[in-house]
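The chains carry the letters A, B, C, D, E, F, G and H, assigned in the order they are written, with residues numbered from 1 in each.
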Amino acid sequence: MIEIRINGRGGQGAVTTSEILAIAAFKDGRYSQAFPHFGVERRGAPAMAFCRIDDKEIKLRTHVYTPDYIIILDPSLLNLPDTLNGLKNSGIIILNSKEKYIELEKKYKIIYVDATQIALDIIGKPIVNTAVLGALSKKTSLVSLNALKDAIKEKFSGELADKNIEVLQKVYDSTN
Amino acid sequence: MIEIRINGRGGQGAVTTSEILAIAAFKDGRYSQAFPHFGVERRGAPAMAFCRIDDKEIKLRTHVYTPDYIIILDPSLLNLPDTLNGLKNSGIIILNSKEKYIELEKKYKIIYVDATQIALDIIGKPIVNTAVLGALSKKTSLVSLNALKDAIKEKFSGELADKNIEVLQKVYDSTN
Amino acid sequence: MKKLLSFGTRSCAGCPASLAVRRILEAVGDNVIIVNGTSCLEVTTTQYPLSSWNVPYIHTAFECTGAVASGVESALKKMGKDTHVVAIAGDGGTFDIGLQSLSGMIDRGHNVLYICYDNECYANTGLQRSSATPYGAATTTSPPGKFSIGNKTFKKPIVQMLAAQKVPYVATASLAYPDDLERKVKKALTIKGPKFIHILAPCPISWRFDSSETIHVARLAVETGMWILCEIENGKIKINVTPSERKPVKDYLSLQGRFKHLKDEDIKKIQEKVDDDWKAYKKY
Amino acid sequence: MKKLLSFGTRSCAGCPASLAVRRILEAVGDNVIIVNGTSCLEVTTTQYPLSSWNVPYIHTAFECTGAVASGVESALKKMGKDTHVVAIAGDGGTFDIGLQSLSGMIDRGHNVLYICYDNECYANTGLQRSSATPYGAATTTSPPGKFSIGNKTFKKPIVQMLAAQKVPYVATASLAYPDDLERKVKKALTIKGPKFIHILAPCPISWRFDSSETIHVARLAVETGMWILCEIENGKIKINVTPSERKPVKDYLSLQGRFKHLKDEDIKKIQEKVDDDWKAYKKY
Amino acid sequence: MKKVIEGSHAVAEAVRLCAPKVIAAYPITPQTHIVERLSKMVADGQLDSEFLCVESEHSAMSACIGAQATGVRTYTATASQGLMLMHEMLHVASGMRLPIVINVANRSVSSPLSIWNDWLDAMAVRNSGWVQLFVESSQEALDTTIQAYKIAETIHLPVMVCIDGFYLSHTYEPVDIPDTVAGYLGDYKPKVVLDPKNPITQGMMAGPKAFQEFKEQQHRALLSAKDVIKNENREFNKKFGRIYGDGLVETYNMESADYAIISMGSVCGTIKHILDEKKISDIGLIRIKTYRPFPNKEIIDLTKNLKALGVLEKDISFGIGGALWADVKTFVDKPVSNFIGGLGGRDIQIEDIVKIFGTIRKEEENIHWVGSQLKK
Amino acid sequence: MKKVIEGSHAVAEAVRLCAPKVIAAYPITPQTHIVERLSKMVADGQLDSEFLCVESEHSAMSACIGAQATGVRTYTATASQGLMLMHEMLHVASGMRLPIVINVANRSVSSPLSIWNDWLDAMAVRNSGWVQLFVESSQEALDTTIQAYKIAETIHLPVMVCIDGFYLSHTYEPVDIPDTVAGYLGDYKPKVVLDPKNPITQGMMAGPKAFQEFKEQQHRALLSAKDVIKNENREFNKKFGRIYGDGLVETYNMESADYAIISMGSVCGTIKHILDEKKISDIGLIRIKTYRPFPNKEIIDLTKNLKALGVLEKDISFGIGGALWADVKTFVDKPVSNFIGGLGGRDIQIEDIVKIFGTIRKEEENIHWVGSQLKK
Amino acid sequence: MDKKFNEGAWAEPGTSVKNKTGSWRTFKPIVTDRCVGCGTCTKFCPEGAIKIVEKNGKKKAEINYDYCKGCLICLKECPFKAIEKEVEK
Amino acid sequence: MDKKFNEGAWAEPGTSVKNKTGSWRTFKPIVTDRCVGCGTCTKFCPEGAIKIVEKNGKKKAEINYDYCKGCLICLKECPFKAIEKEVEK
């Protein structure tokens, strides 16, 4: 079972990210589960969501304490003490950032993606969730590009879906 | 233990009758208990109240099913099937009525009192409860006249108390 | 025709609630569902296994007449049935504990005629103060005493409040004016959406007058101007009965035991309030 | 001076509720007890073990702000203390689930200033319709769709309803007019008995505008006449700001995501309602 | 002073003696006589309280919470539908640790509507964290209401004193009214209050990190009531010369008993009467006075040497059985029969109880509906 | 169709399939997503219902009662404070024998305020005469909500389907949504309705002569739900190929167990996971799906040969212990330890459960607070 | 009663006719010959116990004593003072 | 925590100062020299995070970045357009 945590800020779509990922993983023929770490904090405050992916039915319903992956939607979250909590030693970070975090790279594998810029370019708003998933898909075997596309179509509709797929494809193509 | 039931109509004061009786009995140095048979019926509908008197503490809290005495505040109640329910064989009826009920006298001892008339004369309203208790006091050893007077003073005040005591005395004096 | 409220209710002799319902049902007819809140009316007309109602009737609790009526009306709508829904509640169930439920029903625009019969107290539980109790009245929870003149607030102006919520039809009615009452009920039923009729219901027990005086007291309320017969349609008020010369409120108050402790100055205060109310109504 | 609402509330950036409270407390000072109903304000200012309040504060539940304030005020009275009681609740807690409790508080005449900050929905639970939600607005329980234009009712006229209940002082206020707001709070505190102030609270999250626009939207509400700044003292109304030329409501609506699905005819309907309201207010 | 007064008035006298500063109540049968009497006391200047005619029971409890949090003693009374309607606020009051006192004139719960006595109301709120005390007589109602303030203020939890509707609330019987409770119940001196001089925040949200501990504390505090109640039972006896078992349970005729009937409230008087009159020796009565916290240890001890028990109760926990029976069965490990009766005002008669005694002696375990008219 | 959707949306899909004509609801976290989705379905014409934005939960249940009594299927959902506020009307609904269906997205009860999951809400209303079903997964939430209508309409009692707030309501996972329930759930055909053609009276008062029998009938009807639930569990399986234990309880890993942990709801998933992962053989799980009526016989049978039990529950019945523990102890006569945890959203972690297993094996009987930070 | 095993407490319409409230009376209203059958009293009787009947070609109020509770509103309100009272026996 | 054995959940006043919401910002408002210290922005800041200070005899708005959430109301409402924004790092 793979456990993923998404760290973001209220309003940035950590929850949506986890949901799209779960939908996509299911479309890939696996079992999945996504859920928020629900608080009363408002837009702007640090927020979390969880996702589990497995080849068999997922019965476990605790929070995710020792994630295999952490997706970080906003580099400023790295300033907070808890952002990397529990990440497994072999764990992978998907980080939305223009800049590199060399110090951190010593400890963890980091996948960078400049999600904000790409989202601004294409959607016109800093909606980063599909972008980070694009990078995740490219660099890991966790979820396929096609499944993500289908998941986006299920979750969004019309223009918003199209644009998000564009973002996804762009990130996928440009990540290396 | 002596058990008494008061049968009247809503608004006629069956409950008050039982209460005055209980207060008076206690003033005579005995234990007592009074309580209504509470229904949702309104003024005019048949109504009941109960009273118990004993020389020791009264713990029993059921309704009264087999009264030793039945006080009937209104002779028309005799038309109803349940009015004499449960009266013990040796039981006594205190009946507010001008007229005699010869048939009934064959089965029960009846104490008559023209309470309505006396009350109308003195109080100006057909408030019959003290009148019937006056007759009860005169003809039985259940409760003393003085205790009833004190009870009336406790329950009513001012003119109303005075007039009720007048009624009581008058009934007491005229009953034979 | 079958009596829509049958014989044998358990209400007190001279009961204004029973009488009000007879007049209401006469106007409404039998294509109706009645929704009733806990009250004298409910308790005296339904006791298992007997019911006085010859029209479909539902009671659930005290504070939710508006909400239950909303549910009934919504179900009828979905069933495609064209049956009137008439909610009936007392003043306590309308001014106090059921106000919110009523206001919600109005807000959602349910097609319900809500009628409050107002005996100015919680009569069913034995005459406690409600916010419909008039100034100075003795009730068991606003008793007069060394430190109390009786009820110290003026009656909540429910009609104005509901008119302010833009109920399309709001009216007051009196048992002493049965034709006016029936006309208003009929008129209300022609209007789609929420409607409110407020009937003064002089209660011999709670107000302490002889049971034969119910209508007399109801009439005096109108003649002294303590009860203003009016209709407010889409915010426009129409006064139905303007006494050529209003009798002094004392005539009304002195008939009732609940006011017998009042002093002249208290009565004056009440008279002034009535005079002010008339001024306000006329201006409106 | 110590900030009476301290730093570190958990409200969203651009929150009108936090801002309203800052203005209110500036006017009230520190001799006050705050009674708050469940709402964004409560949830974002008190979470054990941290509180943002530097004045005594109590929250109990959602629907009973008026009743809790009544209890606090009664206790103070008996203790002989001269402390203000200010109740603060959202529109849901005032127009809907707390209306009855408020009306009861008014009826009993408690010396409480009750302030409703109105973000026109249940914001704390994520933007559901309340009876303060304006016509046409999209909320999660009044979503637009094939069979729905969004919210199908007009805003409940709470100010008129409470004025009709004869609250001695009722006023509306706007975050864009902070001096007017503070003046009204101060004035209200000079009046004995229940007082009500209604503050429009444009919420960037629920209304869907940028967090920097809170004041801009609040001002547009006044300039388009959708929000009428007024005071009603003992039934007499005074309009505080009359825009020389009212801007079209479209200016206000088009800034907000919640109205973006509206068609021109819907906007026309809203414009007409505003025009009518102004007529009514002027006549009043 | 000893007088024959109504149970409701006995309660009102107790409240007058404890002198709450704020009383907020809404009328409901059979609670009305209590609050009517209190209104009159206030109107006449015998009691210096604010009496709030609130617009619902939800608001009655809310106003008490507001006033108590501000720093004064409060009081309310209700029954049945009223108790149901304030249910939410019962949890708030106990969670906020406010020592409010309520009298419940126990009455059934709708639907069907019933204004008559049973315990469906109190049992439906037994999870709300209040101390729940059931009394047998008007005297005990008065005494217990006074003790309730003491208990509540000691453990910082609200207390509910249950008196059977009509059976106690509307019954006149001799009651001794103390002249004063001054030497027993001191002034109310809360520590956490709403005060501009020390502007603390009350009634907060608590997140997953802290919430559970507050509930554990609350449970502990409620359990600690057992000792407090026992103690107050003794203290009260010292001052006023009246005592009720050990405060938690009272036993009667248990000296040579092989069996016991367990019950609460006024029907225990009837049971005592029968035990006396019929000179029964093999059956005793265990009257539970303190229902919450539940006197589990006491009941285990008292029943240790018995052959079988019967629980007589005026309530039903639908889909399981009598609530009191289930509580007893939770701790007692021998045949316990359940007798559900007196619902909606059905009078439990002498013959009913005699029959119950017979069934208990059979040492079976079944649920019986007292006087049922339904086919089996 | 099998999709990854939110638990709340799974419930909404179930409701859509059952097509109640009137839905009345008031928002409260974590129930909101259910009713928001239903609003949207109505707005889009996917569901032909009146959606009433009522002004409180008390009114939500009242409106459902009114509509159901008029003759249509109804629905509402709530949680926590909302369930408390409608408590009075829960009793009215069951007493009136109206087959209303509610989903409760279980959340704690104030004070302190908590928006997070536990069962304090559902447990506080366990006396109200409703069938109470607890589910483990979103799929079960969907399936059980459909069955709820069938059960309710068969026994003429309302049904409450409890789903853990957030843990289920806000979780996305694969759910199979049936195309139709037409072959399973027929049209709603009540006999006693408000209709001018047959103008009967509903919601009456009943005096002492009749009231108790109505409650006895109601209790019997609720007990009769056991067979109905078992049957619907099988019928549903025939139509849709999914089954949950025998409908009352579900067992897991009990084949060679000496001990069992008894619990309800979503945490059972975690327990199953641990039993699997750690290949535990001496401990099994008994998941109670039907909490009311209480499956006493089933539990007695299943535990007959066990050495000891543990009850894990997210609630506390103040002054006595866990409510579920007390229920189990009422019928089971061996050491049963009580583990109270997960209150106010405290996450019950894998280590917590491992520890619980250890304690159960000790065969003691105590009340433990899972992860307590308080001193003993 | 068992037949209602699966139903709440409901009642057939108008069954309270079984409840003969005539027995509640203290005073009994008597319609005298002064009655002209104007019908006023019928609108004011809380029990609905008065109806107008034709007798010998004349309209006249008739009181249903099975249900009349004796409130005497009719007596008070009759514009022709056509109703008198007597004490009920 | 045990000390509160007999108390509900209550809090000391103003303790939320511990909750530094400055970390929530996406954009950071910067007061430029165009500021004349008119104070308008202080009445509109939902966080109460702006105060007017004297610097070199000139009044000027000062933002408390520990708590400013970056809503940019101040930027929008400043009559002198004296506030600018930058992306938070």
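To be clear about the criterion, a contact is a pair of C-beta atoms (placed from the backbone, for glycine too) under 8 Å apart; a residue touches a chain by one contact, two chains touch by 3 or more.
If you're wondering where the values come from, they're calculated on a predicted model, not measured in any experiment.
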item	value
Required minimum of steps from chain B to chain E, each step between chains that touch	1
Least step count from chain C to chain F, where 1 means the two chains touch	1
Interface with the most contact pairs, given as the two chains involved	E-F
Whole-Å gap between the CA centroids of chain E and chain H	53
Whole-Å separation of chain centres (CA-atom averages), chain E against chain F	30
Mean-CA-position distance for chain E and chain C (Å)	38
Gap in Å, rounded to a whole number, between the CA centres of chain G and chain E	47
Per-residue overlap in chain C, given as positions that touch at least 2 other chains	10-13, 15, 42-43, 46-49, 51, 53-55, 59-61, 63, 96-97, 99-100, 103-104, 107-108, 131, 211
Residues of chain E engaged with two or more neighbouring chains	53, 55-56, 58, 81, 85, 88, 92, 95-96, 110-113, 115-116, 198-207, 210, 213-214, 217, 220, 347, 373-374
Chain H residues counted as touching two or more neighbouring chains	1-2, 8-9, 11-13, 21, 24-25, 69-70
Partner chain D, residues of chain A touching it in the complex	10-11, 40-45
Chain E-facing residues of chain F, complex	58, 81, 84-85, 87-88, 91-92, 94-96, 108-116, 120, 123-129, 131, 203-220, 222-223, 225, 292-294, 296, 316-321, 323, 326-327, 329-331, 333, 340-347, 369, 371-374
Chain D residues touching chain E - in the complex, by the definition given at the top	30-33, 35, 42-43, 46-49, 51, 53-61, 63-64, 66-72, 74-79, 83, 100-101, 103-104, 107-108
Residues of chain D defined as touching chain C within the complex	96-97, 99-100, 103-104, 107-109, 131, 153-154, 156-157, 160-161, 163-166, 235, 280
In the complex with chain D, residue positions of chain F that touch it	25-29, 32, 35-36, 39-40, 42-45, 51, 53, 55-56, 81, 85, 110-113
